[in-house]
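Letters are used for the chains, namely A, B, C and D, taken in the order the chains are written, and counting of residues starts over at 1 for each.
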């Protein structure tokens, strides 16, 4: 397919690379164009503007937050203004439920289609095409972009035809990951202060009913207190918890663990954690306990 | 080996059965003797008293709480008074760190040995010998009882030579399970109120980085809101959270999620949940949100 | 002085009435003009538009939330467009720190002055001129509007020359009130379930170190579970907690009690409390405990 | 009256002194007898044992915790063994509801009477006879000891004839104080990080609906961050929160703010606060926020 790709950060670069590798014709655009060089060397076309990335059948976006997506998609000269009738905007960014609803409507008014396709996985998984993609949108649109989504992920999950559902599921998934980080942080503060080796403790856990990637990956980071470099930075963790809480507030759902996580991220950022991985909230319980 | 087994509840019956099946000579004792009938039919000897269950190389206990273990092990006529010098008490119950330390000392003073060997797994896993056993104690003692532990579980994990470490790990594991239940309860309240099917949501989660038994098992219970019959009853869940908090208090470790879980269990019990499975705390978020 | 007054709700009506009573010339404006009738009968002039309420030395606003204040003050044809150079906008509404900063700047650019003057007190206090007013702004501006502020309140407190400081103090004060409500709710659930009379309990508390209006007023409402009619409605309570949390997030200050209060308000609203007084969060602890 | 007084710490010394000043005949006993010297100089008789302090019409106890009260009252040679039939044990210590119930029963079985009379007030108030006393017990017993209670306090509040009610009210009162400390700590972290002077902030609060001793006293300590010397030490604060939580657990009442307070006290103690006043939990919000 002929597609555009906007947003070449840690995640987007790998995803765009896998679209190229799968044989698609990809025009890339990034606000700081230097990040496009490696992809152009692999055969991507350079887009000089958002509009130039919107000349194909679909355009994928992988951006940091609601603000960036709003600017790229909805501001003058953005995707809504540039995409051909019938073409599809595939939004992979982790954004709010409210913005996803707004994009759905804006593209419908523009005669275009919107598919929300947020992804689970860290930069290594993006580079290796091992992401899990949760995609929601009109059936025909999802069917058309399926080859793209299969090129960037190893799993494609389609919950419904409502794009915002995919975003809510993605946000709730990040909430669950952050909960596991916090819980492991508390548990390791407790067993660590008793003198039990944290790595061995994690091996025991993952030998039992906790044998899942979320425990292996984040448990390892917390056990080793290895929070740099950031695969997913702490401010993004705060952002996602904020979006989960906002979704909960809109539908009147109290989320006490999410509230606790929000406070943890604020403490982490207040104490100098801007550049740490979001899993660094997993050291705060030990810090509170004055455990090593 | 020639062993005794005390405590024939949902878990203990299966465990004692597997010791018999592995060829051990087992004398069983239970406060209400009726529960021993099925095992006697399979070849177990009936013990008329605690002392009669203490005539072998080792005695295993699988009881409900600290109070029951204290009565059976430390009261007059109990295990400490009955076990031969050099014999081993294998404590499988989920008890406090403090009681485990007390048992270690009491048995040492009695010339006996104590191995803490709490288990992960619900009654089905106990019956099928698929438990994970976390065993800690003096190396020689653990080596001697290894055949017993391998008969009741499919995994044997040995963190240290300090019995109480095994109990702390077991308690922290139950804390992690309860956290997953609560977090899934919150997430399902959120996506459920948005109209997303909870079962499908769980399938998506377990297709990604949440592919572990803890999510499958407890996610299924929460998604279906199937809390009866209780595999592990709510009051036992409260007990374990209380013991985790007590361990944290003793070593000055704040555990905010554990505090939240304690409040959840109290609400569940206040609202009539005495006979429900502990996973029923996973419906409280939906109840707060007036979600179905 | 010749002033305008915009926003004639439960609070504003009383405040405008007291400005009249103190001899000021008051032009009133309300989106639904019927609410102005009683004041016009007492001598107020009817403003047909926002602009007509902006012809004097100052204009006071007492509106429900950020959205209403933004519309009235900053939209085309609003206060910023209508107020004479040098005139003063006195903002009495409980709004966000961010909007207060924006108003300060917008009026400065318009050659006008902005004084933030949020008030403590319920409708009865507004009607009786017994409010406490926290006013912040440039000294000359605060001095000029002092007669107005003294007409509506019995106490005038001036923390600084930065308008947003007054809003932050007001929001933090509402946070403290809500905390007292929640804490009394928990305490009364505890003593009430033990059979102690809640009214007598409150009398004991207020005989000791809890002898302050916040305990008398809100303790009485919680003890009697009298939450209608709403002096300050639950959705406004949620709004204020949200604004406190937003201020905390902007400056990286975790506020765990505020997080808990947010969840309480969401539960209250989810369970049908839209029209109850915000003190109704004080019954949720008893509800959780299945106490009467 | 002829009375004994056991427990001459910061609080008890002042209380016993006021009994002497009111003309009562007081035999004092303390485990470390040096603390009795000043009172003996004022006319108290020295008791060489608990029994010697039990020869009068009543004996008052003012001890640190359940353990101390149990030892003094219920162990062999203690108050229960020593007090004459019909005499009254007046328990002023802040103890658990469960122990109060046990004392009530033990004294009844001994033909004695028990009045629970916990007090509100710090050491300065104890010395100045300005305590508030909450007394519960059989009417005749409360009537008989009324002169004693009026000698040590300026207010006497009688909630019921059930001694444990007084203890529950006292514990709930300490819970409310600790809540105010925490809430002020959060509020001051927020306004302090915005540059508002904490002392001025407190003056504004106490000028409005927060004009109560609890805000003046504890607000002052938090605003000044003056936590030494301890009027009421942090470990005692933890103890009281633990007792509140235990009372809540016994009657199935979730107490989320109490849970938060427990975590705060544990963090304070883990971080070296053993000798600080309990109000030092009010600095933890600022510490989390990296505010000064």
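Note that a contact is a pair of C-beta atoms (placed from the backbone, for glycine too) under 8 Å apart; a residue touches a chain by one contact, two chains touch by 3 or more.
Bear in mind the structure is a predicted one, so any value in this text is a computation, not a measurement.
Chains that touch both chain B and chain C: A, D. With centres computed as the average of Cα coordinates, no chain lies farther from chain D than A.
With centres set at the average Cα position, the gap from chain B to chain D is 39 Å. One simple way to say how far apart two chains are is to compare their mean CA positions; for chain A and chain D this gives 53 Å. Distance between chain C and chain D, defined via averaged C-alpha coordinates, is recorded as 37 Å.
Of all residues in chain B, those that touch two or more other chains are 248, 252-256, 260, 263, 266-267, 270, 288-291. Contact residues of chain D toward chain A in the complex are 263, 266-267, 270-272, 288-291. For chain B in complex with chain A, the residues that touch the partner chain are 97, 120-121, 132, 134, 155, 157, 159-160, 164-165, 168-169, 172-173, 175-177, 179-180, 182-184, 186-187, 189-191, 193-196, 200-201, 203-205, 207-215, 217, 244, 247-248, 251-258, 260, 285, 288-291. Only residues 238, 242, 245, 248-249, 252-256, 259-260, 262-264, 266-267, 269-270 of chain A touch chain C when the two sit together in their complex.
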